[in-house]
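Just below sit the structures, each encoded as structure tokens.
Look at the two complexes coming up: subunit A is in both, with subunit B in one and subunit C in the other.
Right, the complex of A and B next:
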């Protein structure tokens, strides 16, 4: 009798362990986005239909179309992602991955995958995470806190302009945001492939979204895997919003920032020192 | 049962107390721990290190006006010695205490100083920018998380660490000539060669060791060395250099 109880205890103990291990590995095969739960098993079939051509059967970005694509498709085996709400050096959230897939990547071959249902995209997120063991050993980062956007003022834009000089955004993005700074031509990504900085003159969409908040996230989290670093160590949230307001003036768009800037420039253009080597001192110097 | 475990505990404490001085005593006579030392050299023709054009960063041109900085991927010394080679115990290490001393990396004159640094997992690493302009520090880690952080002029040091063993190339995207290495080693028995190519690994208890030498362009070489007592064994490494 005694040995029987022991036997039962041992067996059920193993059972619990196996269940726990199973649950952990199952969780690594899932994505959780709002009320949606994505499943890697379902994502696999979708991946093999829609994604494999570029990202490859092994998720390493070496699909059969890859040789003709620039920039190259994402290599999921590295678990390094550009568009995140989380700090540099951390894994993105499932929501971040779903957003990236939904949005696509401007200036690349990655289209917006809006034709797929939310459930399908959630399944794909779950499957993408099976390509790197980092999803089992590490947790996604904690999304950065973004305070509400302060009111747009000319002081904010001018301070942002000073930060564009001081943080040396112009070294890559150029003094007018045309992606022609002194370091622009030699930039390489984490696979030593050439990569271009964002050209603010080309349009409306950024690499990771269209809103002011998306823009804030881009430079406060960095685009991991690319030369674009995180500036979170040295920009306070108020500074970051000022920089957002200035960056908007570099785009050829009818934004409130651009309108305000244009009106101010009409009367004050002569006061501005050009951005670049020997440009205005940091902290709002004109 | 209870008394039994108490007696076990007491025995453990007593033997522990007795064992402690007993363990120190054999280590006290000089030379119980051995040393492996040697030299790293090359045969053949190494590539010529080229002067770096820092024209993109006028500050750095000024800083090096007297002598332009040369590339550092193969740095040699008189007598065909090799600098910046990491020599370490890759197998047989009998356990190392976690390193707590902070390792320092400087960015000065658009160079990483030192070019190659060694840290142990979780050892504090502080990164300083001594230049009057921005750098971005972009370690191209694969096993550890890859990150990329901007450090403008006058910014405080970045306090960081690496958790897992890995040889991590580090670059600055703004100044593409800036290359360095963060070598994360689990062993505390390591050395980075200077211009004389010499290294010494000391404090090795008797045992069988594999010693590995790594050079960023020529790869790795290993040798097995057995330490039987307080002796110094020699292990020299010769890399075949090719000009490209």
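Right, the complex of A and C next:
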């Protein structure tokens, strides 16, 4: 009787393990975005049609066009993704991957795949996840909380400007956001390939979106795989919003931030210390 | 009695059949030897005087051809958006300043092929060399190796949001032409809903004849796009590139699209033609996200114009550039593009009207047409094609004309095997059989020479084409 019980226990244990492994495997073969469930099997055909030229048949970013593309295509086998709603070092959510695919990446060869149906994009997300075993063993991170955006004021912009100096953003992005800071030429990504910082002056949108919330998310989660770190441990949410307001003034766009900044500068330009070595420190409105 | 296949004449038939078989075997062997199991499996192309599948775009952006084409040269939803954006990915890297100075936006396409053509009920002298009458009806058959023309496809961006298109063409006999020449200002005011194009361009036909996937004399055109009733002198073809000004707009994913165009009434011929006549065209379509099935699109279109019927004269001779009285014509219809996974259906319906003053008859000429083209995309490298097309006269200009005179039925079957696919060039092994039945008239496709002796009888014209369709 005892041996029978032991036998049942062993079999049950293996069963549970197999079920758990199967569930994890299944999870890695699927994506779940809202009410959509993407299937890797369907995504495989789509990947072959749309993605293989750059990302390669093995998902390692070594497609036939990769040698001529700058920046290089994403290596899905590393499961490291720039645009996430999750903390740095964690896997993105399926929604994050879908958003990135839909939006494309400005100033790169990755186009917006918006014309594909939602289901097809969900299928592609599921297939992309099959390239790394991390999707079987790890869960995506928990999306960060983004507090409501405070009211735009000139104090907020000025404080953000001070943070741009204090956090040394200028070292890469340059004093005017032209991606020409003293460190810009030395930057490399996680594959030791040269990488350029974002140029606020020419980009009509950010790498990971167009809204202020998207910008907030970028520096509170970091762009994994690039030198752009997460500032979640260094910035309070209110400070982060101030930085958002200032960064918006660097873009050649007609934004409320730019309008406010321009109006203020007309009367106070002489009061500003230039950003850079020996700049304004953390000063400003706050 | 009408037959499905043309009557054949012994020796000549055997000759073309042998040639066809030999060609087919050679092409298949070449295909097999060309390494079709290569890891690179995406391709590109263009069709002769027909297509705008542009390998330079692939070279510029590094995308596989299958990203923009269901099977080249036909566009998929992503390719349609790319085109609607002015051949831009909209990633702030579309201006040529971002390209290597060595980059040049030129693509070439042509199709060396074996061709068999046959047309029944052609009128010949009863005794060769002795001018009739009497006349007899014969099936005229030709076959041989041939060349298509060459398209020089130059399209791209001059600057961010400034697009150009220039497509000189060269016929096999050396005749040169300009199929396309335009400049387009994209995203005016930052909106995809406002794009303006000036020059010579393809109408915004949802079912594009420039991207047709059949190539033979009978299958390589849409009969509806070129149909003109008997004794009708209206110089207009929906499939011809026209010269004018187009306002076009689309949603971000191009699911909703519209175009409005004002065009010179010359059917795309350069010069001002018969005075100041302008045509107008519009299209409107909307697509639906059908999940795993794909994108389903339904649209309407219309084209309205006038053509002169009376001219000023000098010394009794008409002055071509001084048209007086003009009379109207129009084409309206519905078209769609429906995906069911690997199966794609392209329905098209049209109603045509030409004023009686344009037809040299006592009635307005009216007719209805339609087609259904089916594509089965086995994979991005293998496409099966079938098409049925029909045109039915609903009112003849001359009441004495048999009611079915000029009616057309067309049948086509084809297969395209893309030997390899990558983002530099493309090669398709193309096989096709197309058959057209025309009642009482010279078929508007194929190699026929005239109408049959007896009005109301059917003329069959068929094409077999085996070719290598390549683009670089």
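Just so it is clear, the second predicted complex is superposed on the first by the 262 of 286 C-alpha atoms of A that agree within 3 Å, B and C clash if a C-alpha of one lies under 4 Å from a C-alpha of the other, contacts with A are read in each partner's own complex, and residues count from 1 in each chain.
Here, a residue touches a chain if its C-beta (ideal position, glycine included) is under 8 Å from a C-beta of that chain, and two chains touch if they have at least 3 such contacts.
From a predicted model like this one, the values you see are computed outputs, not experimental measurements.
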Fit or clash - subunit C, subunit B, common subunit A: fit
Which superposed partner A:54 touches (first subunit B, second subunit C, both, neither): second
Which superposed partner A:138 touches (first subunit B, second subunit C, both, neither): first
Touching partner for A:172 - first (subunit B), second (subunit C), both, neither: first
Partner chain(s) touched by A:183 [first = subunit B, second = subunit C, both, neither]: first
Angle at subunit A between subunit B and subunit C, C-alpha centres, nearest 10 degrees: 130
Subunit B versus subunit C as contact partner of A:89, first or second or both or neither: first
Which superposed partner A:225 touches (first subunit B, second subunit C, both, neither): first
Touched partner set for A:65, first subunit B, second subunit C, both or neither: second
Touching partner for A:204 - first (subunit B), second (subunit C), both, neither: second
Superposed arrangement (fit on chain A Cα atoms) - minimum subunit B/subunit C Cα distance in Å: 26
Of all residues in subunit B, those that touch subunit A in their complex: 56, 58, 133-134, 136-138, 140, 142, 145-152, 155-156, 158, 173-176
Residues on subunit C engaged by subunit A in the complex (per definition of touch): 39-42, 61-64, 66-67, 76-78, 80-82, 89-93, 252-255, 289-295, 379-380, 422-423
Parts of subunit A lying in touch with subunit B, wherever the complex brings them together: 78, 80, 88-90, 134, 138, 166-168, 171-172, 182-183, 186-188, 190, 222, 224-234, 277
Residues of subunit A touching subunit C in the complex: 42, 45, 48-50, 52-54, 57, 64-65, 68-69, 104-120, 123, 202-204
